[in-house]
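Both of the next two complexes hold chain A, though its partner changes from chain B to chain C.
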Partner chain A sequence: MVKEIERAGLPVVHICTVTPISMTVGANRIVPAIAIPHPLGNPALDLEGEKHIRRCIVETALKALETEVDDQTIFDVKY
Partner chain B sequence: MAKIKVVHYVNQFYAGIGGEEKADITPELRVGTVPAGDALNKAWGEEAEITHTIICGDSYFGENMDKASAEIMEMVKSTGADMFIAGPAFNAGRYGVACGTIATNVKNTLGIPVLTGMYVENPGADMYKTQIYIVATKDSGAGMRDAIKKMAPLALKLARGEKIEASCVEGYIPNGVRVNLFEKECGAARAVKMLIAKLNDKPFVTEFPMPDFDRVEPNPAVLDMSKATVALCTSGGSVPKGNPDRIESSSASHYGEYDITGVMSMDGDHWETAHGGYDPVYVNEDGNRCLPVDVLREMEASGRIGKLHNKFYTTVGNGTAVLSSKAFAEEYAQKMINDGVDCVIMTST
Partner chain C sequence: MKLELGNIIINDIQFTNEGSKVENGVLTVNPEQIKSLVLEDSNIESCEVFIARPGESVRITPVKDVIEPRVKVEGPGGIFPGWIAKVDTVGSGRTNVLKGAAVVTTGKIVGFQEGIIDMTGPGADYTPFSKTYNLVVKMEPVEGLKQHDHEYALRIAGFKVACFLGELGRAVTPDEIETFEFDNLVESAKKYPDLPRVAYVQMLQSQGLLHDTYVYGVDAKRTLTTIINPLETMDGAIVSGNCVSSCDKNPTYVHLNNKVIRELFKAHGKTLNFVGHIITNENVYLADKERSSNWSAKLAEYLGCDGVIISQEGFGNPDTDLIMNTKKIEAKGIKTVIITDEYAGRDGKSQSLADADPSANAVVTGGNANQVIVLPPMETVYGHLHFVDTIAGGSANNIDAHGNITVEIQAITGATNETGFHNLSAR
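This part shows the complex of A and B:
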């Protein structure tokens, strides 16, 4: 789906847990997530803690969309 | 048993007529062989023989496919051959397409066995590999000997109507038909051997090849995020509570489009996941863990982004066919473009 969105002309970032799959499938801007059942959260943290990591991931995703890339790129998240 | 009569199709180059400057020659039927045919005859000995060769220019065929195909079909029929062989075409695109097209036509109309050979990336391979046997060859004519070595025995088997073994045994390009076979070693032994080879940087052949995926060039970056409309999409199955559109928990047949105007957070009272491929407890509890609406609303308020698009697109990625996903996204990408979306965040579990 990421690739079809890209093909249609929209810049797209893929936030996903299993980044090698995203690489194989062909996403160009990739941001690693936390875990398969909660990619943008962590039930082990309190609500504020969870929101913090979510903010960090989404911020990285926005930065990825603001960055020119020539090739598939994984943008690591700073927490 | 009588010698099997074979008719062979080649292009202008393998007939020794010429290169690109002769690629427009019209189909011609000759008695006898060209060098590639000689090699096949030699490999077959007394079993089979190419009696006729049909030659056609690659450009002529490419530009007049229907006409050329019909002309060639008449020629094949007139020879009364028991079998038809085309190429091998290696990585020559037009030649490969010609070989595949004619061989498939001959098989379907005349009902005689057919065989061709080409490099796996030849466009003709993808077009016809599920319809006819195509021997996997190297990417240039330098692989002729190797190609003949595989094509000659497979051609005999096909002509005699013998059982065709798996692609890894016979050397044809996998055609999607599964053939059961017994391995000498058990799976554990084979897996350990593969692992050791991998650790030592030695070549090994996977028994579970990943499908080939094509690539798309990245789009330019978003210049001013503070004015951009950002849309959310997910393969994580986020849906309104109760899954009103009944998106399947696996092998989804459709996607959902849901309005989030005024929604500040994907709370568990109103949202859930339809996904059957991961433990849904955490996302059902707090849907922002899959679709980060809450933080994007904050970023919208602070001016980090222009706005969050008022619709999101969702499906269940679990076991969903690549072709379905492709069709879903093709469709909703257009909707997003029409709605003025500037960029997309896709989340996957």
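This part shows the complex of A and C:
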């Protein structure tokens, strides 16, 4: 999906846990997620904590979307 | 360290109203004894016991675990350390085995209802457990039991029954005794200085509820990659808590009879020097995957390996663990052979693994788990057939008017096993 949407001319950020697979399949902008069963959440945290990490991930993804890249790039999230 | 396995060959299972026993190759079981043992756990509401013999028109589903009955007759430790026995180190002395018999646990399972064993017909060819004499233990939990407690109750009940049956073989003279010896690194290097040094890297499924494996009672997802004596594995140190997409998950029976370990022992001192067994996990966090594969490579290097065999458990994101292990071990100058299976689509045309790397250039496959098979109806079903359309490999309305079930072989217990346990081949 990432590649097809990019082929249509729209930049894509792939948020995923297993970033090596994202690299293998050819995503250009990659943001690491939390874990495979809960990519955008963390059941160990309270609701406030979850909201915080989710905001960090989304803001990193938005930043990645407007960043020029020459090669496949992983944008680490700062929590 | 030296381990003797005393195999008592079992040719049949029978029920009795009297005491359970093993005599002349027949395992005779009083089902009431099994039921009262299982119902000691107040989390289990009901228990039924059945016999499934090879060739009978019987289907067992969903399958929670398959366990080989055993008893420790000499030496330290006991069966299933950390669960049934205390955590003393196993892998030495003598263990008697009811060879040919198995305990198969079934009943409503937490969440997904997985795993089919057909004792006859085309499905029987796809599961190694159509060839064992199976004591089927069907259990239902008390209402409202939490998922993790439910899984735990079923798992422990299976071990208890297997140990109860194994105990019947304590005083029986085994039909054959297999002896395995594993030297320490210095001794084996002295004995076989010219043979290539080969280790086994075993990946253990460790992704959460119904996807977990345990080592001496420890949840594998909470472990760092470590070295275990292969004799410990052969003597019950590793047990299964997983059965989802059952084609490539290792029931406890498979850990006890790991074929990679057995083949390495066969070749040991002849074509290679079997120097160690590394166990690593397949966790759901990327950092865990990185850390565990770093440690696999570090320990393979520490053992001075020339080559390693890596076996995977499961598929999907563990393909990344597999490729990380391979890349990092190869980067140390150590040759690898990987054992995996494939999810190449029903037509076999899709990419087989979710991850790949040029260094993974020696691959043994257990087959394509998406391959479709039609299973004809059986006269008897032990367990719950009505879950068959919701299991992995099943689909909506996949039972036709004649009772034929169309499923992918990923629904069949052990069909594409990644430790070489199953011997179905394309030849």
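Just so we're on the same page, the second predicted complex is superposed on the first by the 79 of 79 C-alpha atoms of A that agree within 3 Å, B and C clash if a C-alpha of one lies under 4 Å from a C-alpha of the other, contacts with A are read in each partner's own complex, and residues count from 1 in each chain.
Quick note on the criterion: a residue touches a chain if its C-beta (ideal position, glycine included) is under 8 Å from a C-beta of that chain, and two chains touch if they have at least 3 such contacts.
Remember, it's a predicted structure, so these values are computed and weren't measured experimentally.
Peer 1: By residue count, is chain A touched more by chain B or by chain C?
Peer 2: Higher number of touched chain A residues: B.
Peer 1: Between chain B (first) and chain C (second), which, if any, makes contact with A:Leu45: first, second, both or neither?
Peer 2: It touches nothing on chain B or chain C.
Peer 1: Considering only touches as defined above, state whether A:Arg29 meets chain B (first), chain C (second), both or neither.
Peer 2: first
Peer 1: So, A:Gly9: does it touch chain B (first), chain C (second), both, or neither?
Peer 2: first
Peer 1: So, A:Pro20: does it touch chain B (first), chain C (second), both, or neither?
Peer 2: In the superposition, A:Pro20 touches chain C alone.
Peer 1: Mind sorting out which residues of chain A both chain B and chain C touch, each in its own complex?
Peer 2: Common interface on chain A, chain B vs chain C: 17-18, 24, 36-37.
Peer 1: In the complex, go through chain B and note every residue touching chain A.
Peer 2: Spelled out, the residues of chain B in touch with chain A are 210, 213-223, 225, 230, 233, 235-236, 278-283, 285-286, 288-292, 294-296, 298-299, 304-305, 315, 325-326, 328-330, 333-334, 336-337, 341-349.
Peer 1: Using the touch definition up top, name the residues of chain A that touch chain C in the complex.
Peer 2: So the residues of chain A touching chain C come out as 17-21, 24, 32, 34-37.
Peer 1: Which positions of chain A touch chain B when the two form their complex?
Peer 2: Of all residues in chain A, those touching chain B are 1-18, 22, 24-29, 33, 36-41, 43, 50-51, 54-55, 57-59, 61-62, 65-71.
Peer 1: Can you tell me which positions in chain C touch chain A when the two form their complex?
Peer 2: Residues of chain C touching chain A: 207-208, 284-286, 289, 317, 319-320, 323-324, 354-356.
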